[in-house]
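Below is one structure, written out as structure tokens; the observations come after it.
Just so it is clear, A, B, C, D and E label the chains in written order, and each chain counts residues from 1 on its own.
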């Protein structure tokens, strides 16, 4: 008898949802947002597959209707089709399970009864559902489009919360319900590699974006790629690393998207090429963003490092050097887009004609909240570990050591959060001071037009800051450029084109004259009469 | 004798049907249709179904033909203005 | 020319299809063997006891399968209603003839035809014929007057609809009465006469009477609407 | 020469054959004629062919109409035609005429609205209309 | 309580029309509500068998068992809702006559157990459908009605052929008696009879190969009429078709063929809707799609799947009625039913209704449509028909694509007109959506009803004579 009605895992995911959605509630579309929250509650606290599916689908359509107020029709089509595609895959898996179990209650499911082919088929279908929701490369088009076309606040919800549903589904299905099933290990191997490939490709795509929210969308995809990779190891330690990263990523994305929402509210601009120099106008936002990107990059100063640390050690523990290398490569490349984010918006030259508005004060609250939590987690890295361990134990894995809140333990060593932060903070301040000293003598440029090189005199509308155009050169690198092309979009577009051609053909059948309709009926009659004898 | 009559009537019904359906002149069609109705009345009589014969005569051939004639007249008004 | 050829080809193919179908159909129908007994024969057996009606077809139509007849009457009603609805009629008669001879003939024939129709209806249980046939015959008397008098003769549409509706309602009520007093629709709630006499049918005669009245009104309406249809 | 038809089975075969030829001719008309008027006429004839087939297959030389009169005082299936098919056909004829009248009403109205009644020129329905 | 009242009362109301010709809309509501009450009072006396004419075996019988009761209740419910909807629009004689007769026709179709009687009701419902199609009295309406009549005449020819052949070879018309004697017929002839009946009912039940007329007819008629067609007409023919199929013990290969036809209906309809921009055509295609799924599910002759199919019939009927009635409101306002009108108005309540009913139609939780779809999928899975599961799931995506495209109109576009929706209409539409939501959240009672109905439909509903 297994009861899963109100586990800590569900509490964790639902708590994160509350953390994100409550500060963002607005009068506009309030009902739909509450429905979304309700659907998340249903999803996380379900005790039968049918209820789980109800939550999953409600989440899909309520977010769709919120999105529909701002997104283009093509984006909406993509959003709902991908989401429903995933949902129907889930439904297929549920139907298949029902065929063997005769019940949809969690407690009646016994995966050890499944024949291997059925288990693998179910696993594949569930993979589709999880991958679509997480935006694994090839299935990611809808993520980027919808994040960039949603209202700025809703992008935060989409990225911080809804993208985690796939992870929850994976944990519930594979680590709880189907743990006993004889899934082919190769599938998880493929999944691990898909995750890491996703993170690499998405990272490079993020670097080459010109739109702020598209960049963050790709960054989300990349981060979730890590989580997918680590989950595919199917180990207790990996599970906790994944949950930790989920927690951190939620906080980071809430912070960053809200930061960008503020910027959009102030400037009404979405692109790096139209922005710059915002530090003079909004220094507080700049500081918050810096906290966010330090955490995002996984540098050892803020909470982002903790989860990266766990991920690396988990991979090490499983002796997956190749995966580790790939994750590290992608993680290191992430610095580039972090840089673009901070430089492109806040530093550099300020566009001339910019007319600025005031950012709503309420946008600061979620940012401050998550920034504070990120700092706290940096100081006390083991704070959530106890909680996560309990979850791990609940799901049947060994607990982590959390005896000292300041120290994050792992099989390959540990670090002291407070000390590390202190050390890095001192080093950072020292470095900054040195730089300040070195630059104090530098000549200040009065007018950006003073710069000239190669005989070119830039005109006043020429944007000179470094964020602009950064990442374009990636297109010229022979082994990266193919990654940046829209292969999957071409594929899906072609598929929809085929469907619509087929549709045109069939619908012409439905505009036949009555005579032809009777002729066809007669033909059917005759053929059957001759064939059926 | 009656079988012979039945076959003969059926054959003439076939001719009437062809005339009624494939004639280019609607007037011929309607006339042949009436002929078809009368022929089938005869046939029903031969089949010892006087009730059906009477019905066919007044309703099938009678009302049917009336309806066709009137429809014909109603739709011929504009055809040659 | 090309179009013509396509047309000819499509006709040829259609003809081929139809003939193949008919041949296949006939090939199967060859196997048709008459059944050992049919319900029609059973009905024929019990007809003498249960209805006292000389014309077995009538007893089947009105008594054994009275529900079919009710359905048929309502179909007729529906169809005539549709015709009346979609053919707003004008006063202009399609046959605008004013032939005095025809008018005199119509005057003479009118009562005779009506009488004949009434005869057919009332003797439906004794001889061939019945409500439908008689009704149409009565209607034909009105149509004759139409043709003869052209624009100057028009039976009151209201009266026609009223008599149509009321006779229909009478038929249904007869059925309901059968349900309430007897045990089934169109149950014999009247006493039966002896076989072969005019008043031998009981309810059957009433059914045919209502049907006849209804059909007469309906057919008159139908022809009136068709003949006087207005141009749009 | 026609004595062979004395056996009712053969006669039934012949009736079936001819009725279905009429049926086929009418069906062909339904499928190829372009004038709505002719199409409904063809339907009416196809229906009539079916009726004839049905009634004809219940006929046999020794059978009388199912009506009592002077010479006949007892309902007996051995000498009378089955009354049920006749009742059925009687009903169906009336239904057929009712449908026909309605159909022709629609055709007339259609003609008065559009000025034609050719089935291959009916294009008022379909996408983007 | 006689089953004949379901036929006689509407007929009486029709024939007495001259007495109250100014209040037909009120009479219509009263009549339909009475019939609904009558249907509900029959719950405890099921199954009911009534011999209509004579006491000998093989007379006309009316039978109300669990399955036909479910459908009868549904039909009277839908008729009541539609007549309540029209209450605001005052007296409409043509609508009253045609819709009441349609009610008579479909009730008779599912009640009657006599094949020739079924033919009569078949014609009654067909003719009322022709009249309903032509209700608007414009070119489109007449064009549609003429098309419909040609196809319908063709269908009734074949149905008649089938009935005649049955009578010619076994001499009975009651379908129970036919089932008893059907084995006596020569197999090839058996096949021909089944085929003729299939063509006759299949055309009207809108199955693939025979349904290319459907979109035009829905487009030609009013939206509110579309709800009657979609919820009542096609479902009743489908019921009769499968009733006969189960009773006559058709061979597994023939059942498989029906399932194939169902699948084809589903696929072809959903794909055709994908490119359509006329909302009535889109809804027509979606109806066809659902009919395809229902046919597919029924063709397995399995208790659980049949229950699911009945459930789908119920939920689809309610959802489609809500959608069509909402569309009718729009059509009356914009005088168009092109899908662009969905982006041209602002009326939150109406938009909510359309969206929620659309979700139920798609089988998306938490609406009743989902329960039906889930039971169909689980039923198919437990029969190991995984191909069918995959097909339904894949093609449902296409359905989602076009339905959601329609719904996006609500949140897009500028310069929207405010649309006034009367309170009575809000109540009515809200009731339907609540019904869907309620049965989506608490499906158990309805599922039990459907299971009982499926059992009686499959398990030799052969009522003892």
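One rule holds in what follows: a contact is a pair of C-beta atoms (placed from the backbone, for glycine too) under 8 Å apart; a residue touches a chain by one contact, two chains touch by 3 or more.
Keep in mind it's a predicted model, so treat the numbers as computed, not measured.
**Q** Using the touch definition from the top, how many steps at minimum link chain B to chain C?
**A** Between chain B and chain C, the shortest chain-hopping route counts 1.
**Q** Expressed in steps between touching chains, what is the minimal separation of chain B and chain D?
**A** Graph distance in the chain contact network comes out at 1.
**Q** Of all the chains, which has the CA centre nearest the overall CA centre?
**A** Minimum centroid-to-centroid distance belongs to E.
**Q** Whole-Å distance, chain A centre to chain D centre, using C-alpha means?
**A** Here the centre of chain D sits 70 Å away from the centre of chain A.
**Q** Suppose each chain is reduced to the average of its Cα coordinates; what separation in Å results between chain C and chain E?
**A** Chain centroid spacing, chain C to chain E, equals 31 Å.
**Q** Using Cα averages as centroids, what's the distance between chain D and chain E in whole Å?
**A** Each chain reduced to its C-alpha mean, chain D and chain E end up 30 Å apart.
**Q** Between chain C and chain D, tell me the centre distance in angstrom, where each centre is the average of that chain's C-alpha atoms.
**A** Distance between chain centres: 16 Å.
**Q** Name the residues of chain D that each touch 2 or more other chains.
**A** Within chain D, the residues that touch at least two other chains are 21, 27, 30-31, 39, 57-58, 65, 67, 84-88, 90-91, 94-95, 98-99, 101-102, 106-109, 112-113, 119, 122, 125-127.
**Q** Using the touch rule from the top of the page, what residues of chain A touch 2 or more other chains?
**A** 507, 511, 513-515, 518-519, 522, 525, 529, 533
**Q** Give me the residues of chain B that touch two or more other chains.
**A** 49-52, 55, 59, 63, 67, 71, 74
**Q** Could you list each pair of chains that touch one another?
**A** A-C, A-D, A-E, B-C, B-D, C-D, C-E, D-E
**Q** Can you check the complex and tell me which residues of chain D touch chain B?
**A** Listed in rising order, the residues are 2, 5-6, 11, 14-15, 18-19, 21-22, 25-26, 29, 33, 35, 37-38, 41-42, 44-45, 48-49, 51-52, 55-56, 58-59, 61, 63-65, 67, 81, 86-87, 89-90, 93-94, 96-97, 100-101, 104, 107-108, 111-112, 115, 117.
**Q** Please output the residues of chain C touching chain D within their complex, sorted ascending.
**A** 10-11, 14-15, 18-19, 21-22, 25-26, 29-30, 32, 34, 38-41, 43-45, 47-48, 54-57, 59-61, 64-65, 68-69, 72, 75-76, 78-80, 82-83, 86-87, 126-128, 132, 195-196, 222, 226, 229, 231-232
**Q** Contact residues on chain A for chain D in the complex?
**A** 507, 511, 513-515, 518-519, 522
**Q** Taking the complex as given, what residues does chain D use to touch chain A?
**A** Residues in contact with chain A: 27, 30-31, 39, 119-120, 122, 125-127.
**Q** Help me check something: in the complex, which residues belonging to chain B touch chain D?
**A** 1-4, 6-7, 10-11, 13-14, 17-18, 20-22, 26, 29, 33, 36-37, 40, 43-44, 46-52, 55-56, 59-60, 63-64, 67-68, 71-72, 74-75, 78
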